[in-house]
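When the chains are written out, they are named A, B, C and D in that same order, and each has its own residue count from 1.
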Amino acid sequence: MADLSFPLLTCAAALPAVGAVATAALPAARRTAAKWVALLFSVATFALALVIAFRFDPGAKGPFQLTESHAWIADFGVRYELGVDGIAVALIALTALLIPFVILAGWHDADTLEEARPNRRWRPTQGFFALILAVEAMVILSFEATDVFLFYLFFEAMLIPMYFLIGGFGDGASGADEGEAAARRASAAVKFLLYNLAGGLIMLAAVIGLYAVTADQLGTGTFSLQQIVQARASGHLTLGTGTERLLFLGFFFAFAVKAPLWPLHTWLPGAMGESTSPVAVLITAVVDKVGTFAMLRFCLQLFPQASSWATPVILVLALISILYGALLAVAQRDIKRLIAYASISHFGFIILGIFAMTSQGQGGATLYMVNHGISTAALMLVAGFLISRRGSRLIADYGGVQKAAPLLAGTFLVGGLATLSLPGLAPFVSEFLVLVGTFSRYPVIGIIATVGIVLAALYVLVLYQRTMTGPPKDDEVRALPDLRVRELVVVGPLIALLLFLGVYPKPLTDLVNPAVDHTLSVVDKQDPKPEVRVDAVPGHHRAGHPAHHHDAEAAK
Amino acid sequence: MENLIALLIAAPLVGAALLLCGGKRLDRTGHWIGTLLAVASFAVAAVLFTDMLGRATDDRALHQHLFTWIPVGGFHADIAFQLDQLSMTFVLLITGVGSLIHLYSVGYMAHDERRRRFFGYLNLFLAAMLLLVLADNYLLLYVGWEGVGLASYLLIGFWQHKPSAATAAKKAFLVNRVGDVGLSIAIMLLFTTFGTFAFAPVLDAAGTAGSAGEGKVTAIALMLLLAACGKSAQVPLQSWLGDAMEGPTPVSALIHAATMVTAGVYLITRSGALFDAAPAAQTAVVAVGAVTLLFGAIVGCAKDDIKKALAGSTMSQIGYMIMAAGLGPIGYAFAIMHLVTHGFFKAGLFLGAGSVMHGMNDEVDMRRYGGLRKHMPVTFITFGLGYLAIIGFPGLSGFFSKDKIIEAAFAKGGTEGLILGGAALLGAAITAFYMTRVMLMTFFGEKRWDPDEVHPHESPKTMTIPMIVLAFGSVFAGGLFSINEAFVHWLEPVTSLAHGHPPFGATVTTAATVVVLLIGVATAWLMYGRRPVPATAPRGSVLTRAARRDLLQDDFNHVVLVRGGTHLTDTLVRLDHTLVDGAVTGTAVTMGGLSGLLRRLQNGFVRSYAAQMVGGAAVLVAVTLLMRGV
Amino acid sequence: MNPVTDIHTLWTTAAEAPGRIPAPHIEYAQLSPTLIVFGAAIIGVLVEAFLPRRHRHTVQLLLAVLALAAGFAAVVGLAAGGFATTKAHLAAMGALAVDGPALFLQGTILLVSLVAVFTFAERRLDPASHGKRVDSFAAQAAAVPGGAAEQAAVKAGFTTSEVFPILLFAVGGMLIFPAANDLLTLFVALEVFSLPLYILCALARRQRLLSQEAALKYFLLGAFSSAFLLFGIALLYGYAGTVTYAGIAEVIADGTKQIDPALAGTMGNDALLLIGGALVLMGLLFKVGAVPFHMWTPDVYQGAPTPVTGFMAAATKVAAFGALLRLLYVVLPGMRWDWRPVMWGVAIVTMLGGAIVAITQTDIKRLLAYSSIAHAGFILAGVLATTQDGISSVLFYLAAYSFVTLGAFAVVTLVRDAGGEATQLSKWAGLGRRSPLVAAVFAVFLLAFAGIPLTSGFAGKFAVFKAAAQSGAGWLVVIGVLSSAIAAFFYIRVIVLMFFNEPKADGPSVAVPSPLTTTAIALGVVVTLVLGLAPQYFLDLAGQAGTFVR
Amino acid sequence: MNPVYYLYLAALLFTIGAAGVLIRRNAIVVFMCIELMLNACNLAFVTFSRLHGNLDGQIIAFFTMVVAAAEVVVGLAIIVTIFRTRHTASVDDASLMKL
């Protein structure tokens, strides 16, 4: 079913890869050039992503579109199979959108190391941007892969560049001397890598198991998602309950680490805290999404029964993540760690939505991935600008910034409001959908999760109050410069997007809905029906036909 | 005609966008742009109003569908507006009072370098509030609901350099969020129960929900009540309103007196059908209302800060409205009517207070006032009229609306009726007392301020004109509304009307009202009019001291929520480090230790290596043999 | 006619009345790879004897390279001639097998040795002494370290160019080892490639004490283990009355073989079989470096000259696993249910043991030694599959692994300070800052060891685990991935050290190698990436080579 | 005489040899013990050859001897070098590399 048209998906991934090589190839002296090259490629990738988004037809038949399929490693039953559904398109667009901003925001993050080392061969700047592009390429590929093995390859491989990004580049704001800071960074990076590697290797066992099963029952082992799904549907492939559950757990563990889900979250605060804020954005807004995305695409579709079997536990864990993350966020003294814990809480919402197994839940979860990406990016990048000005991550070192840098404070507030999902901003839509979706099947869990929105307000407003309001902390704060043009260029579009998607998310929902319906049909779940029959179907009384007599009767 | 509805919201929204993103170049003209757009919105409202009057009573509701907002599966939310008599009333109140207060602020904020942003926030508030009352479904209402919350957050904390202001703002937002939880849960329940959350179908089905739905409906109603409590500062979520007075006075007048805080009343009235179908919930509503109206009144008596005193009174007045709304069809209309009149006179009172502060170098302690009537006559007169209105002096607005509510309360019948009516009467008496107290301490008696430092003076026109207009409203609105129940009938298509009959005729209740009113005034005059007011507050009775501290509500919050919360989070942080993270690092450490142990085997001596090999061989052989069982 | 009976007639007739002696029939063409190498080795010895010293190094180098290349060409020729598949059979009267696995492994060994020769011949790394370029081998192995004789030898610019013929002998032995089709050949081959290695270990130029100690340990333990092997052979011979694989397999197959009544009374013949089999296995596991017979590995790897270490680590493993495969698949399939549990245990302890102990290593060469142990465990998992997939996966893994290993050790030779190679891990701190390229290359090798996707290491690991899983060894796979998680930890530790730690002031410098070492390293990288990205072709190759001739 | 006794003897010799390797310090002696083990193997081979009535075992024995000889050459070379370096042939002294 490979259509022989232009291989869009491959190009979308190849472009940043090429960019990475090009950037890395530039000599040490051409630092600025490297930055521009990287930016150029990332923007081009975004353009390509847009092309994909437009070429994609939400109404079309079949789960995947723009598919490419080539033989690769026959012995492993691996094919180079790419394809996108609405969810993938949305997330690819998100990734491609964020990377240019990440690059712009990190414009000077890799310069500092330069002076320290007058070494012709050591080229941190080139490395920094090349690595970012490499990550982008791998992330995009893992969104596109419809072959489990292919997905696994990039799911794992992207750890390496991430690892170097975390461990190699700091924001010099840890308050410790460079040596100790480097040590902390290194340990954070190692923690990140080991957690995810362990998860990945467990998953590898499951992947191999999957191959063994398919090879055993279908004659030839295969990793093609569609093939397996169809085989299961047609009954050619039947997993024993025990096997299915083991395999599911193997997959889910890896994704839960990546997502991250309580109690596998402890790598995230370190990684996000120690790395520069653009990298932190890369982690939480882009890379971690692969985990939640994979739950939707692989966990649910490959192992429907096991998924529903595990749902209760997972929902509880997600619930814990929501409250736990929020509570810990409240207690943080470090801005970036606070945002990290906030993200943990948000990932709790996403996973909650995914496993609520309702169209609202999963649709909301997908929207949540996108919106959380944008909102966290906005908040984290502004925080990064702030930190880079003062050279400290500690909340206690700030206060009254609003007086010195009103723009910065304003954008920071908007980012914060998005994080606490204020209606009118994008995250509200997704969060509410997740809550409704959960509530309609698991009312109690839904209600408890709702408490999360109060806690969210708490940590955001506390952060804002302590950093931005009150009398300026000291002369250094009083002298803080406001946002520069480059920084405005980064934040402005993000905020605009938050507003737009908050008011008019329809393009996104139209994109996502069919994919979600397909997933649900694979999992074989329907939305629960309302108890009370309402003859008036929602939205039927559009176009200004009078509503008064409803009210009149209602009041009698 | 319905296409104008969007314009109502658009005008102030555009203003907000302009002023907040406009940058410095708008600093000089910004406030006028803001005011202009507010007035424009009011003009549109007026046009719509006249049009509405022009049409038959049962054909007055308008509906405008802009676009589909969130379509996911069965979940379908529209961006659509509904303008019926209820909404219209609010729209007029909001835009009208709003415009006036914009005008007032021009003068009041004249010397603030961030005035542009202030007007931006005000416009933002107008837009959100209008969205709240115009939405045709609960989710969109929720957007406005939180929107006004945001605006109030921004405006309370407008003077961010004051830590107290920032704290107050945060508190207001958080307490409101608690209420919002109620609203969002209510919406979820609506969705799962009715499959929709648009007003029309839901309210249709509410009555016919039947026994199956009743439990659900009650739950929904209670959740809506929770939301109302948050927004309208009703017990137990009232604690934020007092602190909210940290904001500039026009804000207190507009948001925390006239409009936003009455959103809860709107919500309950709008959802009348649901409440009617859930008697239990209604009882809860009236209970909350009654408690709050007393609570607020008591607090109001003890405050020396003029704005906080007025805040207490606001709380109590909204208590009246909530109670009325809880009474069902016999109360809805009067609740709204009191809401409107209250909008006039309370706004007027606040503006008066603002004007006083303006002349007294932002002094808020009434014990530093005294004998100001000579120095600021206009303020004195307008404030005085507002005062007469609020205590319900016969013939003025407050009298008509409040009296009706008390009637309705008695009309509820039975002991419940007596309790509610009694509470209402008592409240009226206390209101008379504390308002008289405010009046006396501010404008009468000898001056308690130092003439060398402060030079009381009348405020500029931009400030006095709105006060005068509002004063007119406070005097005549009630009377106009009551001319053969014009207001009630105007609302009837929306809220419906049921005439309650108090056990003892209307005249009796009216008389009672007047009597308690006089008692209240008299006591106040005895305490503050006859003898001089001490410049520093006396220790006062236990009740007084408690009342000064909002009846210990905040102390409770502090001990239970704040401290408890801090403990909780701190423990969690420790656990996260030791337990969750420790588990992982623990395994790593164990591995290291194990490694160190095994390393010992590699001791460098050939012979020990050989020995281990022999051992290995032995095991190998042994196991092989065992496997075969030889 | 059946070669087995063939041999019997040959040897038993000798007891009869003297008649004409039939000459054994040997297919020289099919043994050409081995013969070429041995021939070159002998020529090399002559060269040592007769050529003036100054020419020896060059000539020996050329000779070795040519021989190995020719050998490889011969292997390719044979494979092309279909000996890997259709024409696979037993040559030299059943002594040697010429079949897929044999040829594949021989090819691998030859290539690996070819690359190893380059590192042997490297003469740019050490600072020239007395104006003469020197390699990493002692000027005169016999001279006492630091003694007058050594001074003189160094002054005279002696070099141990014997290493090349010695290497060739070892390679020859290794070529026979996996092809050996009877236990005697197996034993002889083992010794033929072990003895030269013992010597090579002792020839380090720097730190000769360590080098000699390594040689001693290796020798003693090696001899010890081969004694066990031999005893095992004896017992198997006692059990089956023959040492040919086919013969023994036959006997095992129909277990009802009547043995000498004299024996029957004393011990059940199965005991002979089982004990013998176990001891032979032990002999091979020793060469493989599997726990608990691994003790020699770290010490020898550390002490031996690094090029030798690389050669040993790569080639020996290939040869030994080849022999192990053949033994288990050809001789002992009949008693699979006896050896499988044991091998399970060995595989598990090897994987875990190697990984865990490696965590706390402080010397890069020892670290790699332990990692090689862990990898032996992974390969054993593939061996255990006892399916054709198992065979081909092991073959693939060996090919992939050997090149990574060579490359890694080649990089180790580059990082030097005053005392020669700086193998102390602590000295590698900040290498990534000093010379990013070298560090990056080494990082690639480490990641391949760790089995990160897109490297050959991952493909290999996946192949063996897949085979194991399909043969129902699921739990082995789980333990495997767990131990590779542990293993990942110390590989990453090195990367952290190189890239994220500040360089030490007196840190080592990276010597600029001659094209020889560069080629070796480059080849390692290329193979690592190619086998990681597009392994299909090689998997096919290994797949075709997946059947043993019986 | 029952040929099995030869096997017992072989086993005994082999064990003695192994024990010697483990017990003795002097490299030369250790090495001799290994030779002893090899010879034990030879004895076993020859015995089995007798039992089975074919000559393979005997032939193998010859091979073994040759191999043993080769081992002696290499082994002694190494041991002697070490002795000259350290002036001792104790295998326990050669324990620089450990852990």
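Throughout what follows, a contact is a pair of C-beta atoms (placed from the backbone, for glycine too) under 8 Å apart; a residue touches a chain by one contact, two chains touch by 3 or more.
Which protein is which chain? UniProt says A = NADH-quinone oxidoreductase subunit M; B = NADH-quinone oxidoreductase subunit L; C = NADH-quinone oxidoreductase subunit N; D = NADH-quinone oxidoreductase subunit K.
All values derive from a computational prediction rather than experimental measurement.
J.: Walk from chain C over to chain D along touching chains and report the minimum step count.
T.: 1
J.: Using the touch rule stated at the top, which two chains are linked by the largest number of C-beta contacts?
T.: After counting contacts between each pair of chains, the winner is A-B.
J.: Which chain is most central here if centres come from C-alpha coordinates alone?
T.: A
J.: Any idea how many Å lie between the Cα centroids of chain A and chain C?
T.: So the centre of chain A lies 47 Å away from the centre of chain C.
J.: Using mean CA coordinates as chain centres, what's the chain B-chain D distance in Å?
T.: The computed centroid separation for chain B versus chain D comes out at 97 Å.
J.: I'd like the Å distance between the centres of chain A and chain D, where a centre is the mean of that chain's Cα atoms.
T.: Going by mean C-alpha positions, chain A sits 66 Å from chain D.
J.: How many Å are there between the centre of chain A and the centre of chain B, using C-alpha atoms for each centre?
T.: So the centre of chain A lies 36 Å away from the centre of chain B.
J.: By residue number and range, which residues of chain D touch two or more other chains?
T.: Within chain D, the residues that touch at least two other chains are 18, 21, 30, 91, 94-98.
J.: In chain A, which residues are in touch with two or more of the other chains?
T.: In chain A, 194 touch at least two other chains.
J.: Could you list which residues of chain C touch at least two other chains?
T.: In chain C, the residues touching two or more other chains are 216-217, 220, 224, 228, 298-299, 489.
J.: Could you please write down every pair of chains that are in touch?
T.: According to the stated criterion, the contacting chain pairs are A-B, A-C, B-C, B-D, C-D.
J.: Provide the residue numbers of chain C that touch chain D in the complex, in ascending order.
T.: Where chain C meets chain D, its residues are 7-8, 11-12, 14-15, 141-142, 144-145, 184, 187-188, 191, 195, 198-199, 202, 208-210, 212-217, 219-220, 223-224, 227-228, 230-231, 233-235, 237-238, 241-243, 260, 262-263, 266-267, 298-299, 302-303.
J.: Please output the residues of chain B touching chain D within their complex, sorted ascending.
T.: Result: residues 599-600, 602-607, 610-611, 614 of chain B touch chain D.
J.: Show which residues of chain B lie in contact with chain A when the two form their complex.
T.: Contact set of chain B toward chain A: 2, 20, 58-65, 67-76, 78-80, 82, 84, 136, 139, 142-143, 145-147, 150, 157, 160-163, 165-167, 170, 173-174, 177-178, 180-181, 184-185, 187-189, 191-210, 212-213, 216, 272-273, 276, 329, 332, 493-496, 565-566, 568-570, 572-573, 576, 580-581, 583-584, 588.
J.: Which stretch or stretches of chain D touch chain B in the complex?
T.: 18, 21-23, 25, 30, 91-92, 94-99
J.: What does chain B use to touch chain C in their complex?
T.: 588, 591-592, 594-596, 598-599, 601-602, 604, 606, 609-610, 612-613, 615-617, 619-621, 623-625, 627-628, 630
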